[in-house]
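Pasting the structures in now, so scroll down.
Note that chain A is present in both complexes that follow, paired respectively with chain B and with chain C.
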Partner chain A sequence: MKTVQIPSGMDLTALYRQQMGDYPKFFKMDTASKLGVLLAEMLVQDEPDRFQPRQDRAVLVFSRSGSLADDTHFAASMEDFPSPAHFVYTLPNTVTGEIAIRNKYQGETSAFVLEAFDPGEVMNQIVLAFQDKVTRSVLALWIDAPSDEEWTAQGWLIDLEELLAPPQEHHCCHGGGHGGGCCGRHHHAESEEHHCCHHGEEGEEHHCCHHGEEGEEHHCHCHDNNKENE
Partner chain B sequence: MHPRVYCIGKSIVTPLGNDVAAVFNAVREGRSALRLYPQAFPGTEPVFASLFPLEGREDRSLFQEICLEAARKAVADAGADVTSPRTALVLCSVKGEIEALGRADVTLAASARKLADALGVVTTPLVVSNACISGLAGLVEGRRLLLSGLYDTVLVVGAEVQSRFIVSGFQSLKALSEEACKPFDAARKGLNLGEAAAAMVLSTERPAASENCFSGRDPKNHFSEANTNPTRSYGVWEILEGVIRNDANHISGPSRTGEGSYNALQAVLPCVEREELAFVSVHGTSTLYNDEMESIALDRAGLTDLPVSALKGTFGHTMGAAGILETILGMAAVEAGIALPTRGFEHLGVSRPIRVSATEVPVRGNAFVKLLSGFGGVNGACVFKKSEGR
Partner chain C sequence: MVRKARNTTAIVTTTIKKTNKHMENLINELKLKVIEALNLDGMTPEDIADDAPLFGDEGLGLDSIDVLELIVFLEKNYGIRLANPQEGKQVFQSMAVMADYVAKHRTK
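Showing the complex of A and B:
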């Protein structure tokens, strides 16, 4: 399992230039979609044949506030001239569509709204998504952007093989939830201490990208290309 | 043995009525609640839509009311106990209570929590918001929750109310027809918006075969009065398969090749024998591109010989409710041995030779495909089958 984060308030244009740079559609997206496309980019950009159309990867997006930031922009435009450019982003699943288009993912895409960040439920839904026999890997994203300035954004990429592998000492679904089966062990050769879905107390040691003020010195454990980030 | 997922309770709440059998008959007779509203909501242009009464909406949440009514009726229909820790609630909607933006917590999670509390559901509710396939995606999710063994019962509620927000948005996209929509017709000019709620109770526990899934407990809910064949027996409905596929093409327009719908059909069709399929209940929004795309997907999937029904000409596009509402009426149609008429359709206006049912047609078969598409390039397909006997 790979995992990445984009800290709240980060300059997304700078991150785009560093991680992508070749996808001008990015600039028309709302904040949630920018975060989603960037998280996906950071998770999959090293994969071979990555722009070959494929159905075997599902994209699941979770949030609390859905498309609230863009809802507010569209509602403001209604007073003057309703903006179709804003309206198309007023759906919680638009971000899944943007990720699918960028990466040519023709498999399942789903958007869920949760009451709060719940890694157990995210893991539960990842496990459920594998009931689709075509799905061999899942890109799962927690993207909660109630405004354009503040968000939480975290992504996970997990293969079915990891899920099926016999559980070792490192388990991923500490988040609890419904106990819908464990995703198995993760494969981070360089960071054995790194728990996947832990968020909170014990998860502090694991940060990808920058994480706020104190995070400048953290190297991403799961993405080499983030080095120039520092 | 692989567990099976049954529909053990259902309900609909629509501007055309709230009784499945009565609404089913209204659809057969070509009735609709679609009409022109000069100003449905403050600040909106005239809109042709199927809406609940507009009076007094400011003081209450119509969304909560219709969700609750649909949920309670489905639960009563199933005779289920939803207060068990083995019961899940899945809410399906695109915009929920967006009309209260700026005045209240309009997140779908907040709506789901209110609904769960009102119903006495003790597990954390889940919201599926997958654009216009949300209802069908909720049934896929419910099926998965049951197959995983995490729950015994899943209540899936799909609902949409219209608002200045949604109407203005679709008008800004120039997607709305100023008259009654005409799915698949040569003269179609866009979609009509609609309001509805619909709910299903799903379970891995098979109801007794003598009971109609549509209500073994309430004989007047049977479709016997509408049945073309009064001796036809009632069965138990099962969700055989359901998948979601993305076009990976455009966030607000369908694929020109019907890629996602075709792939979704390809994934679900192997679960059923072709001669078992009675018809395809399609999305059929009446926009130029959607209906053309669906004709291509159906053609590519080899389904041009099956009757095709679309219900948007009756209910408008009910968004989060559509997948469940149209599925329930599809079940009723199979039980009556017909494919429902596609209200508004006269002359085929798509490039592929699909068999859109302008009028009710008799059909054989005890199963049907439900197909939906939505913004974000998302497409869903499910196969529902009625099994008879034990």
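Showing the complex of A and C:
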């Protein structure tokens, strides 16, 4: 999982020029959308083929204040002439659209207004987004910008493969052994040298465990269709 | 005869220079006012090329909603009424085109 954040009060124009610089539509956006587009940019800008249209990435935006800052600007403009430029940002889900347009995402987009930041609910919605058999990646953002000067803005990029992968706490690797460069799960004791490896083939059951002591040869015990290799 | 021709050339050159200067000033004025009217927060006049398209990804990135904003903008600032939004798309091709239109049609 990749995580980024934009500190409150940061100069967003300077950040835009540093991170993007090629998307003038940015200047039109309300603060929440600017934060969303910048967070997304920071999360995905290194991806190959990033501007290829794709349907397998969902965009989920969570907020407390929604579009309140722009709502306030629009309300003020109504005293003279209601501003269409402000009006288009008076919805909390506009930010999801801006991110999707910029990055050519054609998958699920959702916006949620919560009473407060709720990691459990965020995770719950991320898991739900993966249920549609299309979504393989989720861009999840917490953007709360009650004004143009103050906000909290954080983003996460989660791939389905990561969620399905074994927990990382009991992870061990070893470059040698059976084909080398493979990983399995290993529960190791503190301060113990620990290596265990197995080059898992597709469809093969693979487990390997070894409590390596310092200076000791490392061994892998692998199960391949009930046949143990060493 | 030659002197008269030289004087005429000088007058024409001066007029062109004055017109160019006038247009340059008007384009800059429009850029500043459009940035304010469309809330292009953080953008500067230098970010907008005179001939760059105002709509679409290559230019300023404006869309049909912004046409409405610019129509209101022309009426409030220069007394120009555009009844048809389609006409607006022609007028708002670029800052240079808009400045030319404003110079020819303004009532204030």
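By definition in this document, the second predicted complex is superposed on the first by the 168 of 230 C-alpha atoms of A that agree within 3 Å, B and C clash if a C-alpha of one lies under 4 Å from a C-alpha of the other, contacts with A are read in each partner's own complex, and residues count from 1 in each chain.
By definition in this document, a contact is a pair of C-beta atoms (placed from the backbone, for glycine too) under 8 Å apart; a residue touches a chain by one contact, two chains touch by 3 or more.
Small disclaimer: the values here were computed from a predicted structure and weren't measured.
> Specify the outcome, clash or fit, for chain B and chain C once both structures are aligned onto chain A.
fit
> Please determine whether it is chain B or chain C that touches the greater number of chain A residues.
Between chain B and chain C, B touches the greater number of residues in chain A.
> Which partner does A:Leu12 contact after superposing on A: first (chain B), second (chain C), both, neither?
Second partner only.
> Applying the document's definition of touch, where does A:Ser83 land relative to chain B and chain C: first, second, both, or neither?
So A:Ser83 meets both chain B and chain C here.
> Taking the superposition on A as described, I'd like to know which of chain B and chain C A:Thr3 touches: first, second, both or neither.
Touch partners of A:Thr3: none, neither chain B nor chain C.
> Given the touch rule stated above, what does A:Tyr23 touch, chain B (first), chain C (second), both, or neither?
After superposing on A, A:Tyr23 lies in contact with chain C but is clear of chain B.
> Once both structures are overlaid on their shared chain, how near does any Cα of chain B get to a Cα of chain C? Whole angstrom is fine.
Scanning every C-alpha pair, the shortest chain B to chain C distance is 6 Å.
> Under the contact definition given at the top, report the residues of chain A touching chain B in one complex and chain C in the other.
Of chain A, residues 81, 83-84, 87-88 contact chain B in one complex and chain C in the other.
> Across the complex, what residues on chain A touch chain C?
Where chain A meets chain C, its residues are 12-13, 16, 23-28, 73, 81, 83-88, 148.
> Please output the residues of chain B touching chain A within their complex, sorted ascending.
43, 94-95, 98, 101-102, 106-110, 112-113, 124, 126-131, 137, 141, 144-145, 147-148, 150, 164-165, 168-173, 243-252, 259-260, 263, 267, 374-378
> Provide the residue numbers of chain A that touch chain B in the complex, in ascending order.
53, 55, 59, 64-66, 68, 71-72, 74-75, 78, 81-84, 87-88, 90-94, 96-98, 100-101, 103-115, 118, 121, 124, 127-129, 131-132, 134, 178-181
> Spell out the part of chain C that touches chain A in their complex, as residue ranges.
37-43, 47, 57, 59-62, 65-66, 68-69, 72, 76
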